[in-house]
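Naming follows writing order (A, B, C, D, E and F), and every chain is counted from residue 1.
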């Protein structure tokens, strides 16, 4: 029993060491990746909610997405119906 | 064969389950109902514990041929997927498809919290050896502290298949109890001031890093610990489906219907291994106690390492996010958020805790890899035996043929 | 091998299906086209009969290796899921996920109608024995009267696998013909006055009862008739996914893509067993006649018991709901509604008929359980042989090795 | 033949008896369950369609549900679009 | 077993993948990363090449037990589905469910373009024999020119399983490169005037014809070439699910989650066969060169036959639609559209090119059928050996038993 | 080598012949099918967009389809909510 507990203890110490070693390597790798491939802010979106026109064009995307979704469900062509009145928050 | 009314009636009566219902079966039926109660009314990981409980119910109806050991039975068939370690990696692929590693990438140091929480695994390992389990069994019990269902099932079926049922049930039960187990430990180990620490907003991460990450983790970790490849590799494949942006179809299937189908099969199989023989043993009680120990020590390990990180960063890390290192995604991160906002209602720790939370998944997979490196090959003969079991039905044929040969030669 | 132009041309010509197309194959191709026609243009249970018909088409193309008996072929692979009784329980899980037992719980006495309709099973059993079938075969034929596809396939593959194809086709065909078969019988057995009876609105049922119900049914019925556990247990698990309210993901998968996938495999496998050898026999004609008898008697049994309940309740039960006890959900219930509203256009029987309708599913599962209790174990040796079949391909290897040993020993 | 038909008949009688027995037990169990766990009417819903306000609050639920559904399909955040004009019947 | 700190540390170090990483493994890991790069950033058939690349990555981590040849490993399990020709037909069922044969039915003569493009298969076959491959291998390589992934995998696993990996990778890679490979050939072989030809609008097709078509194709083609039934039959079943209008549930599952699940398993299995042993060979280079030849000749064959049809119809067929006969649906049809509208921006060839495009799928399935008719049975012994492989794990048991007998007899 | 190339050549010629033969048979079959079961134009749809009434009735179909779709997703009865404002293009 004594012997096996001491074996368990040495396995435990070793295992924790391996885990920390592996994860520390991973940390350095991630830091290298983040440095190599930094986040680039996307080009500023055209101003929204300013003019009715821009809002509409934006809404069109959403309407298109919903239309496509519903079209899929209805088994009909997206050109067959039109959704209006989904306004941007 | 006779079909007189009397003979038929006798037949039906002697083949009812009542005729061979023993005390153990009855107790297991009650255990199954308790699991169903906890799953449905207490919301204990219902996606797993409901089918596990129902599988247990079916397996313990005498003569139903639904136990994992009933060759040719339905649940025995599903159980092959556990035995041959097919279903847990497929679940993990779905988990990867559902996981956003962004918070971890934004603060990679939180991987250390996922490592620190593994101390629960090893204290429990020592405790299990102390309580008389052998090293393989102790490892499988210890991994309960990893707070990760598929990992626990994978390791248990590899190192100690006879303990699969209690280990799986303990793992999922305690995962559900995280909101009860963790807060007292977290409050005991931290000061009010520490709990009020607000953390800086996370930096954004480029999509490229998110795509490269699963590939890098696979190469780095699996090269060092090849035994964990089925688990970690499939987790990362699921994540690559998610982040690559070019496999939306596969991503959607992996995170919905595929993981659901596999979960049903896996949970029924685990439930079918909960027979009186395997479950109503003193070992089960020990495992339940050790599992609670594992979760508690893991929580403490995470929080204490969080305090160390707090000190070393000059107070920029709130130690409460350490407890999320046990995994139990996303429950443990929510507990960090809750305890943090109890101390200061304007404190939002959720996203910060998601880092150590998903780190905990990687951490316990790595811990599993260490166990497989140490003990994996020594069970090779047992595993062989297991495989022989599956297709062992052919052996009688071979044996019969051989004995015919022997007979023939005798003449 | 030679690849001269002439030799190659000969090879191609001798390996066309035409070169070995026999009369039986050609007739079966026509049968397959008739099934497809009925499925597509007559809407006969198209979800099953279309893939069954197509499986039949593929299986009867000579040398295509697509018959259920062609070891190593694609449909032989799917057929293992029927032979080992894996696919029907999975379909039943989906059926459970799709079924609302509420109307049955609101009026549990309708379970008796589901029991009464089983008389069709037993009259047919006697008729089948009279026509020369043995008891196992007669049982599998009788269960057509249960009007439940997966149950019929399950029992046929267990008790009389050589009759699987005609039994499955008869069961699904007559289920589609319920709107033609039932009304004349219902009108013949009831008076105009009875048909006009309006029933009281059903009482609402608490969600708790709906959750507990599948667990109770499993315990009660499976303890009494353990052989039916794979079927009834999985039906009730699917229903628990539905009613528990905590497993929405699993419920959705079980009732959509999982049941669809399993249906495709199951139907193709059944179709692949429709070869000329197994289908173009006088037995098939007998089964078709007996199946019609089964449905008719089942309908009559339900209606007559409905009349008894009508009398005993002082006219509060409309006997027309009795015919729904055959199952064939929800078609038979709609027939009750239709015949009822033909007598009095303000009579709405649909919800009342849903009670006996789902009771019929339980009823025929119980009837299946009785057959398994009586005859299930006596086919154990056959089942063993069946399993050996699947993995029997290794036997040649073993046999070769053995004969090598024998050779070696001879010297 | 005679013998086997009489065997079939006795099996049939027995089986019908077992089926009725099992289902009668089930009936009593269900009746006990329904008695033990009776249906409780949910607390009366706040009056609807009376005032614009209450209707709106009710509609909000539906809008939220649809919004979430569509968000899932569109792979966008529910906060990015708004559906109006789903009126209660 | 010893668990001293030193012994354990040694154990862990000797079981890392690094300890047995050889040059070949490292090169294959790089190859895997290149495939992932092409799939994600160059959008080379990402639904296939991403999981193929990831499977290759996993398979080449030493000691991970993830190669297709590692008995008992996870990917070896999926690989059985390729070896036994189960997964490609299931993918084809999904393809059928996704395919609209309408444009082909509206202009059936375009089937000839699908036939003409098969010339790429046979020129490549001759080239492969010239480069030293045997006839079976050459056939499997030639079918790359069919531009159809599942067909290539099906034929490779049947006729030359050791070449599966390079053939599958070449097939999917060149399918992605169709927009680069085809236009120069198309422009070289056509005149400006030909490219400007506008085609008449297609006639509408009745739904009945669309329903009958898959049944007729199955009967006609599979009777003539029975070996292709698993592939062509399942393609047509999927299409019947689509067109019949009565199996919407099955259609939806076949074209979404079922094909997705099968694709994941199939692609991982193919990837797992890309080991250094099987891939880093001079044969792979030859196959890559031959694959490019196959695509180019197929394109040329289609265009030249298009020119012939143009002549014979008095200029009513634009030869550019001929190149779509290679299949690679719908990419090749889009290339026809693009090259056509480059010549005259008001020229819309897309729908006209969809006819030969889907004809190409049928054409290469027929070509596959010819190969199976010619060579299919001569590999029967090999296939037998393959099956023995799968369940060969029992052999040691049988062998052990036999040697015990031998030992016993010696005494 | 010579021999096997000539074998390959004869296999190729034969195979192309078989492919053309099979596909020509298919062409004739399709032509027969198309002749036997010709396309019939569906009866002309009632004039749309002319009167508000007809448009509405048409829209009702689409609304019903969308309603059913959403009802399925929301797990609610289609009778519980109503969608308006999906106008025909």
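The criterion applied here is as follows: contacts are C-beta pairs under 8 Å (C-beta built on N, C-alpha and C of every residue); 3 or more make two chains touch, one makes a residue touch a chain.
Computed from a prediction, not measured in an experiment: that's the story for all the values here.
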Quiz prompt | Chain of greatest Cα-centre distance to subunit D | solution = E
Quiz item: If every chain is reduced to the average of its C-alpha atoms, which one ends up farthest from subunit F?
Solution: B
Exercise. Report which interface contains more C-beta contacts, comparing C-D against B-D.
Key: C-D
Quiz item: In angstrom, rounded to a whole number, how far apart do the mean CA points of subunit C and subunit E lie?
Solution: 37
Quiz prompt | Inter-chain centre distance, subunit C versus subunit F - centres from mean C-alpha coordinates, in Å | solution = 32
Exercise. Give me the residues of subunit B that touch two or more other chains.
Key: 3, 8, 12, 135, 224-225, 256-257, 370, 374, 391, 394, 398, 402, 405, 409
Quiz item: Which residues belonging to subunit F are in contact with no fewer than two other chains?
Solution: 4, 7-8, 11, 14, 18, 85
Quiz prompt | subunit C - residues contacting subunit F, complex | solution = 2-5, 8-9, 12
Quiz item: In their complex, what parts of subunit D are in touch with subunit B?
Solution: 4, 7-8, 10-11, 13-14, 18
Exercise. Give every residue of subunit E touching subunit F within the complex, in rising order.
Key: 104-105, 108-109, 111-112, 114-115, 118-119, 121-123, 125-126, 129-130, 134-135, 138, 203-206, 208-209, 212-213, 216-217, 220-221, 224-225, 359, 362-363, 366-367, 370-371, 374
Quiz item: Hey, which residues of subunit F end up touching subunit E in the complex?
Solution: 1, 4-5, 7-9, 11-12, 14-16, 18-20, 22-27, 29-31, 33-34, 37-41
Self-check item: Residues on subunit E engaged by subunit B in the complex (per definition of touch)
Solution: 1, 3, 8, 11-12, 15-18, 21, 29, 33, 36, 39-40, 43, 46-47, 50-51, 54, 57-58, 61-66, 72-74, 77, 256-257, 260-261, 263-264, 268, 391, 393-394, 396-398, 401-402, 405, 408-409
